[in-house]
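Following this line, the structures themselves.
In the two complexes below, chain A is the common chain; its partner is chain B in one and chain C in the other.
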Partner chain A sequence: MTIKVSRRVFSAGILATGVVGTSRGSFAQGTPKRGGTLVATWGGGEPQACYVPAGGGSSPTFSSSKLFERLARRKMDGAFEGVLAESWKPSADFKTYTVKIRKGVKFHDGKDMTVDDVVYSVSEIWKKYAVASALTDFAGIDSPDADTVVFKYSNPTPEFFFASTLCSPVAYILPKHIYAGSDPVTNPANNAPIATGPWKFKEWVRGSHFEYVKNENYWKKDEPYLDRLIIRYVRDPAGRAAAMEAGDIHIGVFNPVAPPDIKRLTGTGKFVATPKGYEEAVWSTTLECNMRNPVFAKREVRQAMFHAVNREFIAKTVYYGYARPGTSPIYSPNKEFFTADTFKTGFDPKKAAALLDAAGFPKKADGKRFTLNLLSAGWFQENGKVGAYVKQALEDVGVGINLTVPDRPSSIKRIYTDYDFDLAISNQANPSEPVPSTTQYFTTDGILKGVPFRNASGYSNPDVDKLVASIKVETDPAKRKALVFEFQKIITQEAPLLPLVELESITLASTKVQNHSNDPNFLAASWGDLWLAS
Partner chain B sequence: MAGELASPTPALRGSARRTAALRLLRRRLIQAVPLMLGVVIINFCLIQMAPGSFLELMTAENQVSDPATVALLRKTYGLDDPVWMQLLKYIWALLHFDFGFSYRQNMPVIQAIWIHLPATILLMVSSIALAISIGVAAGVVASMKVRTFWDSLVSIAAMFFYAAPSFWLGIMMIVLFSVKLGWLPVGGMMKIGGNGGVLDILHHLILPTLALGLFYAAIYTRVMRSSMLEVAQLDFVRTARAKGLSRNKVTIHHVLRNALLPVVTILGVQMGTVLAGSVVIESVFSWPGVGSLLFDSVSSRNYPVVLGIMVLGSLVVIAANIAVDLIYMWLDPRIEIR
Partner chain C sequence: MQRFEFLGRFARNRGALVGACLILLVALMAAFASVFFPTDPLRIVGLPELWPGEDPEFPLGTDSLGRDILSMIVHGARATLLIGLFASAVATIIGVGVGAIAGYFGGWVDEIAMRAAELFQTIPNLIFVLTIVVILGSTLTNIVIAIGIVSWTPIARMTRAEFLSLRDREFVQACRSMGMSDFRIIVSEILPNALPPVIVLSSLVVAGAILFESAVSFLGLGDPNVASWGRLVGDGRQLIRSSWYICAIPGIAIMITVLCLNLVGDGLNDALNPKLRDR
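Coming up: the complex of A and B.
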């Protein structure tokens, strides 16, 4: 998953305790009221295009997901639900999936959505751009009749994996009549999309906002409840807080304001803050060891890096309590695959020192064992603070650290193209399905020079590769779960890259806004069911 | 590029003044050519030296891993040429008013800038107008009431607005006028969904103009006060007074006009800094101008747009300084600018 968010305030992932306490268990009250305009914002900047076929980061996902729709979605209770698909069913060998397509769905220009649009989207957009890394075993798609498409795979494909692919944030169904024969990346429709969702594109005032209006022909007859949806971009977090306080913006997703403002605004009783709605996009701050440095050849040295760092301290101090120590490459909100039964690399500086001594790196006369270059990716402000702490913590056990905090383009180049780091502090956002979004950080085929958010550590272990290959094709849910547990045990012990902390993202909304935060990836939800109370 | 002043010469009159002005304009335009060339070369080299490239960011955002695709993109954007060749091609394109293509906006650079330019010009013009109006008026008042309560008040206010960071001032004004009092909008250029009428835009323009303009008003106030006091001591002012002219007439017709010269000088020099200041103010007020575009473009290494804005910015500064030279001649006909 691409990371492209200005989190100057990320700190909001983050605020001290007490804020979540102001959130409510449910954000839906009474009968939906129709009409009105909802103004929304988010904790990042304006997108490069309204829709980017390859995803392009959270900003275009936020703007496009209100217009385009996927075949399926995941609900808060973890169940999958059809959106443009009515149902799907695997074959006995799990090598094909038959998907029934919803009837009566029209694009915003009045044309019917057909299986041709689905076939085009999957073969030309998903496979080539949007979810290419999840479709490595994809062998084609057919449309045997007007309501059915058949996905074909070269290997058995687990149901959870398949359904997760259908739910992928940018696995949209595009209008073939608009995109066929063009370069999807530069198609002008990317900036004025024609889609099937509850909202129709009206205008994009660059530097200011998107304006969407109600799709009167939406296939869900009751939705959308609102007449108009505005996505407004305010670069400065303090400006967002002021706009929300003045009533100009109703809802901000993904850490829209600074932590003190969350506390202040919720204290007025006019706003609620909640960490709900991010269960399928859990963020973490990670520490990554570059295996190309011979120092890291012994796994005890890698383990020592993590034993030296107090993750609880980072969670409480840098993230104001809006984070929790990370223990596994699969994050704790993942109900399907997380296990706490892993190798422990908790805070223990004495153990770190002992491991380094045993690995053949005793302290020298100057008190240092060796010196490393620590790169803290500057796309989030907090990474620099984490870097400053990690530097101190590692120096306490005799590891000299040269810390740099380059900006986003420089960080991407140094970590993922030049491999110019010994230790890197970076970030990930992973959904529940671990293949490939999580596993690609550890498998040999994830080592792709110049491709960000893959295996930059250079860690290569045939056992892990084999294990991940098994996870990918295991169709028995219980067996698959056991394999993922084993994966976590190996990776936590090998420690090429581990999360320091798992982050909590925050949505801040006016108490007037109803039905928000009701999707495990709320930022990427359609928002057709939101409404405004009087 | 404010001109070198020759020793005062007898005032030029009528057609002689026009001829001198045209000669000056021609000379400045010729001088602008190597200057612009220098600006383009230096900016191009600075951008080349910055780590990370727009291609890397683009492939990162689009998860492009295929080496053939990356090579094709490098060729498409001319990045497989040596740097000197890229520079020559860029200069050649500029000569044909082609500022390049912005992959990020998926449109020509000039179009991307053009979309944002009116907002920035509006903000700059209104801020400068505010700064000059307040600065000149306050400077005149302070100089006429020197060492009185009014002089002290003006000095303290000028010091405050000079010292206060623009972004802080902007946020404080939002809190007071938008959040607490509800008089003015928090940000944006017009009401969303509104018709963008003149009054609506003016309503949205007030706070950004104040936040950007008051800093420069403070500078002009201090300069104007000093200049007024200095000119007031000169012989021709004493002569005017001796002729029995009223104090106001002497101040406005004799002192003020001559005291304006330093303010005009600063105005020309500061056109570039006003443009730079608008980057911050546009961020605070979500003003959809070139400053916001520049900020995004630097963050995304969108070099064609960054270069385009720098070239256009340099043109604005050069044009402003030529205008300043001409205003000099108008304000003081004795001045001949070399």
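Coming up: the complex of A and C.
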């Protein structure tokens, strides 16, 4: 026994000292042990409510996804898997999808989950709140028999797009008997949800933690392995690191501690860090040009902004290597749609200067070509540092920069409502399916004043709009892929908004925690299969 | 003669003398920052997180982006002192103005002025500063104004108290009977006599302003185009377990400066307070 334990500690040590998240495929070994309490945290704050029908950001997604379930999920290998749905099939014209619903599923209050709950959730919650932008062509849902629902669309809908919609993080099946007839946004059940998942809500101690207990009647036999799941909120990364070190918290998702602490904690051999589990929610730090400023009328000027910036430096220094240079609006972990064959705007200050000269902006007597307001969104501390670097990089090619780093609400207002910036550094997280989450940053219908994380640059190009419209309805996977490649080529050359770096999100877990990071969006997974080794 | 007496009394307080010397040093550092470090202090010049002494080119090391900490400390002295002085000036002008009018005229003017001061005093200072900075935007000027707005109340109360005790003295009554205007009595007769304790308080407001600015910058709401000490502490916070010097160096600079300003305040009190003259 002693030998076994020390070997595990030893192998974890090797893992920790090497590149983060190497070799070991899944963080599991041996047969699952039952019982125990797992304490988890994440790299953000407490949510506004346990469940927010419209999504409400990663925080309520994290807290609600342990209770509620979706119709389907994506697996690590990219395949789709039914959760509350057993299967789905498109019609020949791709305008209807027939979905078989799992039988024998009960809500936490003992009532059976039926097709009525599915119909209610899709038409009243998905269409109106949760995944509205993915259901613009949605024309209704029927339930022909007790275990089938039929989704109807007004246009052909690609299979990958449909399956991705089913897998959207907050596309949950809600209990109709609790939500019908109420305003779902203010329903008190949002803070004490009744759902179908492996975990039952027990209590929310505000300012501290959620406590969830095992759902004894869970439809998936044997799960959950643990007895209790606690989600604790710690405001400060240094505080999280201390709590994990003290053994009070077992696992932290989405960058719970500062990079230097990742190295320190994994160095003890008691923790592992991995970038796995974020393939369907890849974050990036982006730079966008406000097209309302006439300086950016020529695309060469926009390209010059990107040529001036050394993305390798940002990845290495600001993010301590937990990032890689971004080359396309579709991110490199996207197996379906990413292409490296795009227009390149790599680090080349001389080219940047030449492009600006050619565009009619020579250096004036004071050494500046023009001066821009650079707004760096203050919701991540790193953004301020990226801003400081981008300021210097652009000043080196003769562009004067006034940098501001407002707090979260001011940043959202100034970028997405007031359009009060010339250049903005922001962040986005996108799943593999590019429509609408990626494309809405570039299409004309994405210019929605006051709606955060949409097209704030004001970029409007009929060719791009037409291309995205055809991506939306193209049902042949190969042709669709070619269209998305074309989209990436145009956007990288037009450069209204491009990622500076793709971020590697990190999960830090005690070596005791088994079966974690086994979902491409692990933060939003149900966590029924997690267990604690002794 | 009188001036030497003042200096003598000030110097009798050893702490104040040390404090004044160090403040002078910081002021010189601020004045000649551009001579010692002609380039932008926020420029990335070396490898990130070099420890002090690791590279002779950067005696105090570099921060997490590779900026020279010594250069940022020296340039930061300028920003920090300017913020302190101007914020104190704003607070003193508002405070003396309100306090003088309230104390001299009394009655409903006094009531309104003091209720307004109480209103300001009931709002937690730091939260008030943060609110103003968030609304107006985080530029150096706005931070100065914000700190001035929250710091004027003690000065106003002190000035009012002095005016209350002075306004009915014989020399003031003499001025009144000569037909001197209220404005002239306030400015040229009462104010000079009321000023000494106010000056002491103002010097303490400078110290308070530096701490406010540090707190604002620490929370990431400082002016990102300016190297200030508080910002340096805030930037280094994440690295406190591994590269603690990034926080510690500017932290020590803030501590010494604020301590010295307090000592100078004590010295001024000794020098200006007539009751302590024979101590």
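Worth pointing out:
One rule holds for everything that comes next: the second predicted complex is superposed on the first by the 510 of 534 C-alpha atoms of A that agree within 3 Å, B and C clash if a C-alpha of one lies under 4 Å from a C-alpha of the other, contacts with A are read in each partner's own complex, and residues count from 1 in each chain.
Just so we're on the same page, a residue touches a chain if its C-beta (ideal position, glycine included) is under 8 Å from a C-beta of that chain, and two chains touch if they have at least 3 such contacts.
All figures in this text were calculated on a predicted structure; none of them were measured in a lab.
Once chain A of one complex is fitted onto chain A of the other, the partner contacts of A:Thr274 are absent, as it touches neither chain B nor chain C. In the overlay built on the shared chain, the residue A:Ser510 is in contact with neither chain B nor chain C. In the superposed pair of complexes, A:Ala238 makes contact with chain B and with chain C alike. Contacts of A:Pro406 after superposition: both chain B and chain C are touched.
Of the two partners, chain B and chain C, it is B that touches more residues of chain A. By the touch criterion stated above, A:Lys385 is placed in contact with chain C alone, chain B being left untouched. Looking at the shared chain after the overlay, A:Val318 reaches chain C, while chain B stays out of its contact range.
When the shared chain is aligned, chain C comes close enough to touch A:Arg264, but chain B does not. Shared contact residues on chain A (touching chain B in one structure, chain C in the other): 238, 406-407, 410.
Interface of chain C with chain A (complex): residues 40, 42-44, 48, 64-66, 134, 137-138, 220-221, 224-225, 235, 237-243.
On the side of chain B, the complex with chain A involves touching residues 51-54, 56-57, 59-65, 70, 104-106, 115-116, 119, 167, 171, 174-175, 178-179, 182, 185-189, 192-193, 282-289, 292-293, 295-296, 299-301.
Per the touch definition, chain A reaches chain C in the complex via residues 237-238, 241, 258, 260-261, 263-264, 317-318, 376, 378, 381, 384-385, 387-389, 391-392, 402-407, 410.
Every residue of chain A that touches chain B in the complex is listed here, in rising order: 2, 4, 6, 37, 39, 45-46, 48-49, 52-57, 129, 132-133, 185-186, 188, 190-191, 205-209, 211, 228, 230, 232-236, 238-239, 242-243, 245-246, 248, 406-410, 412-414, 416-417, 448, 450-452.
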